[in-house]
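First chain A sits with chain B, and in the next complex the same chain sits with chain C.
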Partner chain A sequence: MRRAISAEASKLMSLPATWLAVALALLLAPAIAALRALQELSEITKGVQTAVQFAIGFEELGFGVTGVIILGVIAISSEYSTEGEESGNGRQMVTSLLAAPSRLRFFVSKASVVASASAILAILTIPVTMGILRLILGEFSPVIGIADLPRLIGVVLYWTLTSLLALGITFLTRHAALPLAFLILNTSVMTVSYLLTRITRWANYLPDMAGIRMFHEIDDAGSPLTPLGGGIVMAVWVLAILSVAAFTFCRRDV
Partner chain B sequence: MSAPEARSFGRELRLAIAAELSKLCSLPTTGMVLGSTFIVNLLLALAFSNAALQGIVSIDSALDIGLASVSYAQAGFMVFGILTACSEYGGGQIHTTLMAMPRRGTQLAAALLVLTLALIPAAIVVSVSGLLVTQMYYGDTVSPIAWDELATSLAGVTAYLTLTTLLSAAIGMVLRRMLPAVALVLGYYFVAGPLIRDAVPWARYLPDTAGVVLWLPPADDALQPMVGGMLLAAWTLCAIGIAAFVYRRRDM
Partner chain C sequence: MLTINQLTKRRGSVDILKGLSFEVKPGRVTGFLGPNGAGKSSTLRILLGLDYATSGTALIQGKPYAKLPRPLTTVGAVFEGSGAHRLRTGRAHLHWIVKAAGIPRTRVDEVLEMVGLTHAASKKVGQYSLGMARRLGLAAALLGDPDILILDEPTNGLDPEGIRWLRLFLRERAASGRTVLLSSHLMGETAETVDDIVIIHQGRIVSSGTLAEIVGPHRSLEDAFFAATAQSRGDQG
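What follows is the complex of A and B.
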């Protein structure tokens, strides 16, 4: 199992698109936070408002999840994409399964590599984002103390679970375009899920709406979930999708 | 046997267009992506109509409600543009293409022209279907849509979708890989773009914000629709220019 995991880690790190994912994960949230902090600072100096908004930093970290979505998608789609004519139009998955014939073990090692990479990226991005806020806002910057630890853990969990969601969906579709488009669209400022909460309260139980509750309360969504409850709901979704993906993957022809 | 006659430029372009058209039609992604965009847009139009009827989304006229779903459906168009551009590079098809059409500029022009020809009707069908759903949903409860307003908005949304898709296709041609292109374009249009829009004043000159005024009611400090449209066209032309330059220079 250890060798399977290190093989998957080496494959993931050697993909060129991984570096795009890593760069997006590390830079998107801090960059947007910096833009927003500059704007808030000018509002404060103009006297329009006296303090920064409560959610600053956390909201941006919610958008930073784009990077790990890409990570989860490419980890799987790269196995399925057709290689060039020179290598006989093969798919890497065939070779992978020749080397690691136990499908369940293959699935678990893929998922654990993607999950741990996402968690590490989240842990790296949080201090960068918060540090930039402190740098720009100075005395107005939100104070992050021990009391915020659950929220910060919530961010890490949200990133990890979202990357697993992307991985599970890509295992089912075997192609990158659909999960990528769908998941990035649903990270946008006014997500489809959020729109659905305007129509039915049940949309608050969708994985992203539930998961974001772990660290950020969307004002007018009227979510009935507590942060812990949101985390549990998202985890249940992810587990369900991963189980379906694992079952399908173990049963079907490559 | 006589020596083969040199083909005139016009004939070469015509043949290239026919070839590109046949390639686009036979691509499975064309039907799949455009078809699912159409269906998703219908569902979203229904959702928006429902939300607006309950007064929870602040959109005023039936026209704007019917076109609101396009702000999501445009993702399908972007993916379509990128997939068609990158389909050449998936399994090395580009080698065959360039063997048959060695003049790269002509080939690129033909490909983009055919893409545009496919996009305009697709954009019209998608946006009109959303409007029809809204109209049927409301029936007579709202004031009817004025014809001249409708024509302007439809022309605007069609131009916007076409230009934005061509821009995405140009990015796909430069990057040659579907995944980074989709990630960058969608990440910009749906995540970074709206956030930048709120944060800095010069965002209105960027392709997404400049183009949106073509069909959505403009915000206070937005550009005039005409100016915004021209700016978007300039961005697109610029991207196509870069793509053409790179494409002609590159070893495949």
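What follows is the complex of A and C.
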């Protein structure tokens, strides 16, 4: 198993797209947080509001998940992408399974590498984001203390579980386009799951809405979940999708 | 020794393999011949554990591929292209394979040298010519210094020099007592390389034996091949 994990880590790190995903993960949340902090600061100095909103920083960390979505998707789609006709349409997956034929071990090591990378990226991005807020907002900056620890752990879990969701879906689609488009749109541009909460409260049980609840309460979503409950609901979703993906992957022809 | 026994494969409602049986012996180069779509790749993919058989067995030294301990040290296989991601360098590709397979890292430079890719090792695979991509595929297959080599249409994309190089290389492997199985749809080229022949047509073995036995009274392997496959068509008609 150690061999398999080390090979998967080596594969991931030698892909240029990985570094794009890492850069996005590290920069997106701090960048959006900085823009919002500047805006809120000007509102405060104008006297429109007296303090920053409670969720500043955490909301942006929610958007920052895009980077690890890309990571989860490309870790799998890179195995299935064909080399192109001029080099004979080979696929790396063939090489991977010839080198180490245990499919379950392959699946578990991919998931472990993606999950650990995402957790590390979240742990690095949180202080950067909060640091930038402190820098821009100064005395108005939200104070992050020991009481916020559960919310911060929530962010790390949300990033980790979302990357695993992306990985599981890509194992099923064997292609990057669908999971990338769907997951990134849903976390950034147009949040389908959030819009659904306007129609039915059950949409709060969708994996992303439940997961966000771990560190942020969206005002008008009316989530019936507690932060812990949200974490459990998201974890159950991810576990279910990973199980279906692993089962399918182990049984189908390459 | 490779042993294929009563192998069948059904995809949807199509029978791709209809009960194949044959053996591949050590110390010889065996050619697995058939037209495109006859079932050559499917047979090799099942033998290497990439696809699953509907019934029957395909064993390597008496075991299915997935049950071999450190399989790359027993079998090296080359399929389409290089089997590498376009954006990785040739060397980075071989590096993760040695990690996954538990092979000493020093083998990477050795196999690059063997296939003549040392100069291109730091280039991205996407910039390789088809011939270079095939050489990288072969380099990966040789990492574990295996006793058995299995190659699917290995001469596709090779220039005449590459084809000759590969032929001599495979002959040398067999001469040192190792096993080589290669699939091809090209008769002339195959006749120059192989000792034994297995001919597959429409998912069935229609003929097998030594090169001399197969050619028999025919003028060439090509004539023998068409006689064998025409006969099988006749049997079905």
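Some notes on this structure:
Convention: the second predicted complex is superposed on the first by the 248 of 254 C-alpha atoms of A that agree within 3 Å, B and C clash if a C-alpha of one lies under 4 Å from a C-alpha of the other, contacts with A are read in each partner's own complex, and residues count from 1 in each chain.
By our rule, a contact is a pair of C-beta atoms (placed from the backbone, for glycine too) under 8 Å apart; a residue touches a chain by one contact, two chains touch by 3 or more.
Just so we're clear, the structure is a prediction, and the values are computed from it rather than from any experiment.
Once chain A of one complex is fitted onto chain A of the other, the partner contacts of A:Ser81 extend to both chain B and chain C. Of the two partner chains placed by superposition, only chain C is touched by A:Gln92; chain B is not. When the two structures are aligned on the shared chain, A:Ala4 is found in touch with chain C, with no touch to chain B.
Looking at the shared chain after the overlay, A:Ala17 reaches both chain B and chain C. By the document's definition of touching, of the two partners only chain C reaches A:Ser102; chain B does not.
With the contact threshold set out at the top, residues 17, 81-84, 86, 89 of chain A are in contact with chain B in one structure and with chain C in the other.
Note for the complex: chain A touches chain C at residues 3-4, 6-8, 10-11, 14-17, 78, 81-84, 86-92, 94-102, 251, 253-254. By the touch criterion given at the top, residues 17, 20-21, 24, 28, 31-32, 35-36, 38-39, 60, 63, 66, 70, 73-74, 77, 81-86, 89, 176-177, 180-181, 184-185, 187-190, 192, 195-196, 198-199 of chain A touch chain B in their complex. By the touch criterion stated above, chain C contacts chain A in their complex at residues 45, 48-52, 65-66, 68, 71-72, 77, 79-89, 92-93, 95-97, 99-102, 125-126, 128, 130, 133-134, 137, 140, 156-157. Against chain A, the residues of chain B that register as touching in their complex are 29, 33, 44, 47-48, 50-51, 54, 56-57, 72, 75-76, 79, 83, 90-92, 95, 177-180, 182-184, 186-187, 190-192, 194-196, 198-200.
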